[in-house]
Amino acid sequence: MNLKNKWPKYYKKDVVTHYCPGCGHGIAHRIVAEVLEELDVGDRAICVNPAGCAVLAYRYFDIDMLESAHGRGTAMATGIKRARPDLFVFSYQGDGDLSAIGTAETIHSANRGEHISVIFINNAVYGMTGGQMAPTTLVGQKTTTSPSGRNPDYEGYPLHITDVVASFPGVVYAERVAVDTPAGIRKTKKAVTNAFRCQIDGIGYSIVEILSPCPTNWKMNTIESYKWVTEEMTKEFPLGVLTDKREKKK
Amino acid sequence: MNLKNKWPKYYKKDVVTHYCPGCGHGIAHRIVAEVLEELDVGDRAICVNPAGCAVLAYRYFDIDMLESAHGRGTAMATGIKRARPDLFVFSYQGDGDLSAIGTAETIHSANRGEHISVIFINNAVYGMTGGQMAPTTLVGQKTTTSPSGRNPDYEGYPLHITDVVASFPGVVYAERVAVDTPAGIRKTKKAVTNAFRCQIDGIGYSIVEILSPCPTNWKMNTIESYKWVTEEMTKEFPLGVLTDKREKKK
Amino acid sequence: MNKIFISGNHTFGEAAIRAGCKCYFGYPITPQNELGEYMADRLRKSGGIFVQSESETAAINMVVGASAAGARVMTSSSSPGISLKQEGISFLAGFELPAVIINVMRGGPGLGNIAPAQGDYFQATRGGGHGDYRTPVLAPASVQEIADLTIVAFEIADKYRTPVMLISDGMMGQMKEPVIFPEHVKDLPQKEWALSGRGKGKSRYLASLILDPLEMERHNWKLVRKYKEIEKNEVRHEEYMMEDAEIAVIAYGTTARIAKGAIKRVRSEGIKAGLIRPITLWPFPSRALKDISERIKKFIVFEMSTGQMLEDVQLALAGKASVSFHGRPGGVIPTPAEFARYIYRENQKENKCL
Amino acid sequence: MNKIFISGNHTFGEAAIRAGCKCYFGYPITPQNELGEYMADRLRKSGGIFVQSESETAAINMVVGASAAGARVMTSSSSPGISLKQEGISFLAGFELPAVIINVMRGGPGLGNIAPAQGDYFQATRGGGHGDYRTPVLAPASVQEIADLTIVAFEIADKYRTPVMLISDGMMGQMKEPVIFPEHVKDLPQKEWALSGRGKGKSRYLASLILDPLEMERHNWKLVRKYKEIEKNEVRHEEYMMEDAEIAVIAYGTTARIAKGAIKRVRSEGIKAGLIRPITLWPFPSRALKDISERIKKFIVFEMSTGQMLEDVQLALAGKASVSFHGRPGGVIPTPAEFARYIYRENQKENKCL
Amino acid sequence: MAKTVTRKKYDVIVKSEFCKGCHLCIEYCKSGKLVNSKKLNKMGYLYAEPAEDAKCTGCMVCTLVCPDLVIEVYDE
Amino acid sequence: MAKTVTRKKYDVIVKSEFCKGCHLCIEYCKSGKLVNSKKLNKMGYLYAEPAEDAKCTGCMVCTLVCPDLVIEVYDE
Amino acid sequence: MINKILCAGSGGQGVLTLGNILGNAAMMEDYCVTFLPSYGAAMRGGTANCTVCISNNEIASPVASAPDILIAMNQPSVSAFINRLEPGAQLIYNSSIADNLPIRGDIEFHPVPANDLAIELGNERSMNMIILGSFIKLTNIIRVDNIHKSIEMLMGAKPKLAKKSKEIFNAGYERFPFISE
Amino acid sequence: MINKILCAGSGGQGVLTLGNILGNAAMMEDYCVTFLPSYGAAMRGGTANCTVCISNNEIASPVASAPDILIAMNQPSVSAFINRLEPGAQLIYNSSIADNLPIRGDIEFHPVPANDLAIELGNERSMNMIILGSFIKLTNIIRVDNIHKSIEMLMGAKPKLAKKSKEIFNAGYERFPFISE
């Protein structure tokens, strides 16, 4: 008998992650590790991990990693990539990290067209700190800091930051995907592949927004939370390629 | 003989401004003062002035003023307006202030749809500090920190932040104008009037981006600098209403 | 019975509401999330404003705005988030604006961890921001005291027009104890200086920019005079078993509690130790220490850090007594037994020397 | 002749380039704009990287990234901008990453002004950021020394894997003086620890998060041991006319220059004053002060602040000598004549007491 | 039987000690090959296990969805 | 003259001590009523001044463009 | 007198509720009392614990490095914390799911088949009340009526749940001690 | 010997260039020398000034609260700074545009019709070189050839301008002193 699914080279073996059961981070991690292997860039890759549930990502990714101050992932990635353009540099960030405290860094690294890649896990909530409202929290969604549901008159509407950066000339590739179903997971992998290729080809900035369930803070069981991504989140955050300037840039 | 142009009520008399000859800030100031008077809100207005050439705006505006830390104008304005919704609160900010260091505050105050108004002076350069590159500096434009001209491959393209915030549901009115000609100045006044009305009507956030010459740091004489706004800046930053959701919100 | 069983984080919030705090701006960070969450619910329900800002930097600047408009206003965070507020705190000091800033400290530097620590003493007492300013710093050692000092913090802030810090740690924030809350403050102070639109009067402005160095210098010395007033009026400390003490332990907040436990233990073995607990870290109870150093020659400083308040003790004693230090940084919570052993050892050393 | 007439701000840049600085990240702020502008031109021309970041916060985090990748890297700012870097500096300390941070101080707090001041001493020496860490701080007093110490700063940073601050002020930054630059540093230290992709080897990570308090504590004490090493090896100070001095003036940077002028004046009137100029503010030359206090009983601290280094002097002397203070905060540049009068008065007081 | 076609045989292993019991694999396995074991593992989770009475088609969906890389699918 | 129509008369005053000599008013006054005085004011600027030989139409463009609120236009 | 009680279990078992009810009741009896939950990352991975200290005097540290009583609601909690117990300490454990007990002659073992009994009483989720009942019976530290009041206070929003909880608490109280299997 | 020279004028008058050439030349003669420009907001509003200190010994402060020599390139500079001069100090002023001089018998006045002469020489923008020439003639502090070299160094990129500047400098040097009007 042969093992059909081989263990991703850049994913540490036999480590139990700290993620909650069913957390989308786990799927996203595996996808990233697989793509690093398929594109053969893991050996020269540096991942900047966030403050957020993925703060411990270095326990899982078997590549060089740098922890970031909350929200500053793309600034750090900029520093690495500018100092060492030969390395493959990507940040992995949550919605609080990337679209709240890190807004300026996100916008400007994208606008400068830094040659980095960004994996953006949007779970509509601050996972790590226990479920506070995020910029991406849906209207009406209850969180610990929007206990009666997000009220757009008080807290504004969900922020579509990937759409924002997609409009910048320096952003070569931006896609929104979801790890909500097997098909979604396959698409996510393709999107990550496309994004990483942009950097390998030296044509600019790329970002993949991944809608990802946080069953714990959504107070749902796993299956419900995956359904909620499909049914509710994608209504607010429609999936698809938000920009693709690869042809132009090559 | 009657004086036809009466002195704006909310502009201090007989003060020589510190602005350079021909600086667009002077025109923008006068317009704001006039609109405050015409809409009769000066008595209950608070202006948050920036770090930037307009840091001394309190020497000129005859209304209550709060100085801000560089880039934090809209955060401070948020604090005032939330504490005192009965007041009329606006920030006055430069391009470095609003679209570089203040990016996150700009984006999120707009996205929350704070009931404030923003006057955004875009002069494509850091005036106060002596002419460094701003996020809005044009491609090829020479500044003290882009001595061979802004190179989009290195520094990215000019950032269109007003377009970004115009896309948010909470932003009721956004317009880009220029104080480059008498017609432009008249339009600017109309835009400021429209913007301020949104707050008076309690319907949300408004912003007016004013393309404004900085003859000193552009190293041009005044007349050249005004022409440069008309001929070069408006190519990169086309004038016009970027969003107008007033009907919807009323 | 109006005692309730409540956590430190919730108590900060409830006490602030009772102190008339109208606005809270903050950004989540462990171990103080429950404080923001409490405000999101209770402050809003009581008619106040809760805004979860996009960052700590935005939060402190929202605080500036609300304070300038005359509101009692508060923000809270934990160590890394407090670092991000330093520019804003310096502005509050420069503007002379009242505000209450809570730091529920965690292990550091960097991301560190979320366990209780006292590593931000320097930052709080010396001003982690730029320029010549001081911030009154209150350090509660029980949940009841969190309630009491939060109210005091608002009073000091308004009285002197200054930002005030409350510092605490993950343990104090998470721990529940019985608390009796005072009634809601009824009469808030009038703030003539607050911006509220010029109305028919003269326009005003609040600025920290003072271009003329001589004027700026005058402002700096004016602040110094204010700080001297605060030093005169607002020093607070507690003395515990100091009447007959031969060894004085200096500790604040969590370590002060633990020190009390340790002191009880060593007393049972005949060692006459006592505790001086600074309640205000700035102004520091230097006079009290100095006075006691006439009598006691052995001081032990005990912190959950590598030694920060230590400097204030040394400054206060100015060489008049020997000072030793026991520190457990990084989120370790020392035990009374451990610290008792330390006192015991130090006592033996002392005796050997004689 | 390889002397050139150059400003302090440009010298920071040129010296950094010669020290092998490969990346500069910064945000404009007066009075240090010329430094960034110099790098925008010269560093890029010499094959390095200059990025004008969107903010000081972004700049310090770009520094973290470039440093983690093994580059010699620098950022600079002035007071308010340095406050915004405090979180990042704490991270650098936690990560144990080398970097050089320049503060060309201005009047504060708040926006203050752009005139020279020394009000950020506490922030620099006590760590304005959170957690238990220290930053070596170098304080040049001439443009030549700016050149020399900038190179030293990079060496200390790499040797101990620590952020290092250079502090200066608007006057030093703007002033031109003759400078002789050393040659370009040839051999940069190897950085085994730098991230460069795992290659065929084992993957590595740099993290400041250490969830287990005991491990975090070990890290904290490890840092303390490193700081003790730095205290042992890197203290620098200058003594001027101290051989026969009866009054010791303590001043750094700009005030030290002015103090020298004043000392010359009072010496001509027979007052035996001398100067101890700390070149490293942390580690502070406490030992030198202490040694001298065996002999000299009168110390005068002179700062362009309301009194910050003063505390380090008091700590060093531990009550062994009297200390008086002359301060001019807020951007005022005191004159030698003024400070000479101060020394003169203090000397008279002293004599009256006798 | 007449209908028999030559088909590969697949084997599924759930490394139960790593399973967090999220049950995504169970949800998405169209063959019903994976089921709730109703037993707690050391971490305290109700882990998934292959059903005796169902056939794995080797579709690999379970490995695709499992966030914890718990499942191994073998072919001949 | 036969062509004469009754028209308002206007007067322009440049408060020269406040003028920064940017010359925007000169550029935009279609009547040529404003000219460079070629004299420095106390601040050291070549201020603008009304020309003797031109007529002001009261169009107010000069007051619109002047960044320093220097100009006063009067009618009868 | 000072009693340090460490209560540990997994996320859904009501560990913190138990501690809260106990602490709140101790307050009603005018004890000095502290309650300290584990928090943050320590809670991810499904474990939860809290420490309740009850004393006649000011409590120095709310932490129990050596608890007087360990309440272990599942097997991992027994394994993780039993070594913290010093001679003479007591262990109350959920014998329904924890059965691998290290051999120690110097502490007292009190098995409570909490899940089984709770299921028997028709509410498995309230197994923490069985344990609390047993704990009170064993220690006698707080009066039953005060525990009842405390339950009512903390579950005030859900009177039915409060009633049921009190019943189940009573069962735990009455049936304790359980014979060791 | 220490000479503190304060040089003041308006933005376009080449105040800083003058100071730089002087400072650089002083360096070439191995003097201790400092050059301190006004900067930032002090420069907006069109004024500029700088202080050059030249000494045989280490210079304490590069600031001149009481300059030995004031070079005032326009009227506002005379008015702003003349009161800083202590008895015995010298004032070089641009008599082409500064004519309102307070009466002081305790300082020396040196009028230099810099604009007029520069216009005469065909380059009004180089009026600062006339002043520099006069200054060197008056003080004799730096050798003329070193000033020439310094001009070449600082204007190296524009050799024509350098040449013209030297010529104009020479004129200022030769024609000084000018008779007071």
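The chains carry the letters A, B, C, D, E, F, G and H, assigned in the order they are written, with residues numbered from 1 in each.
Keep this in mind: a residue touches a chain if its C-beta (ideal position, glycine included) is under 8 Å from a C-beta of that chain, and two chains touch if they have at least 3 such contacts.
From a predicted model like this one, the values you see are computed outputs, not experimental measurements.
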(request) Find out how few touching-chain steps suffice to connect chain C with chain G. (result) 1
(message) Looking at chain pairs B-D and B-F, which one is connected by more C-beta pairs in contact?
(response) B-F
(request) Could you give the separation in Å between the centres of chain D and chain E, each centre being the mean of its C-alpha atoms? (result) 62
(message) Rounded to a whole Å, what is the gap between the Cα centroids of chain D and chain H?
(response) 34
(request) Using mean C-alpha positions as chain centres, tell me how far chain A is from chain D in Å, no decimals. (result) 40
(request) Name the residues of chain G that each touch 2 or more other chains. (result) 41, 45-46
(message) Two-or-more-chain contact residues of chain C, please, as numbers and ranges.
(response) 30, 51, 54-55, 57, 80, 87, 91, 95, 110-111, 113-114, 207-209, 211, 333
(request) Could you list which residues of chain B touch at least two other chains? (result) 19-20, 55, 67, 69, 100-101, 103-104, 107-108, 112, 128, 135, 155
(request) Can you check the complex and tell me which residues of chain A touch chain B? (result) 100-104, 107-108, 111-113, 135, 152-157, 159-160, 163-164, 167-170
(message) Taking the touch rule as given, give the residues of chain G at its contact with chain C in the complex, in rising order.
(response) 20, 23-24, 27-28, 32-37, 39-41, 58-63, 65
(request) Sort out for me which residues of chain D touch chain B in the complex. (result) 27-30, 33, 36-37, 40-41, 50, 52, 54-56, 80, 110-111
(request) Sort out for me which residues of chain E touch chain G in the complex. (result) 40, 42-45
(message) Quick check: in the complex, which residue numbers of chain C touch chain D?
(response) 57, 79-80, 82-84, 86-87, 90-91, 93-95, 105, 107-115, 117, 119-120, 122-123, 126-133, 207-221, 223-224, 305-306, 308, 311, 314-315, 317-320, 328-333
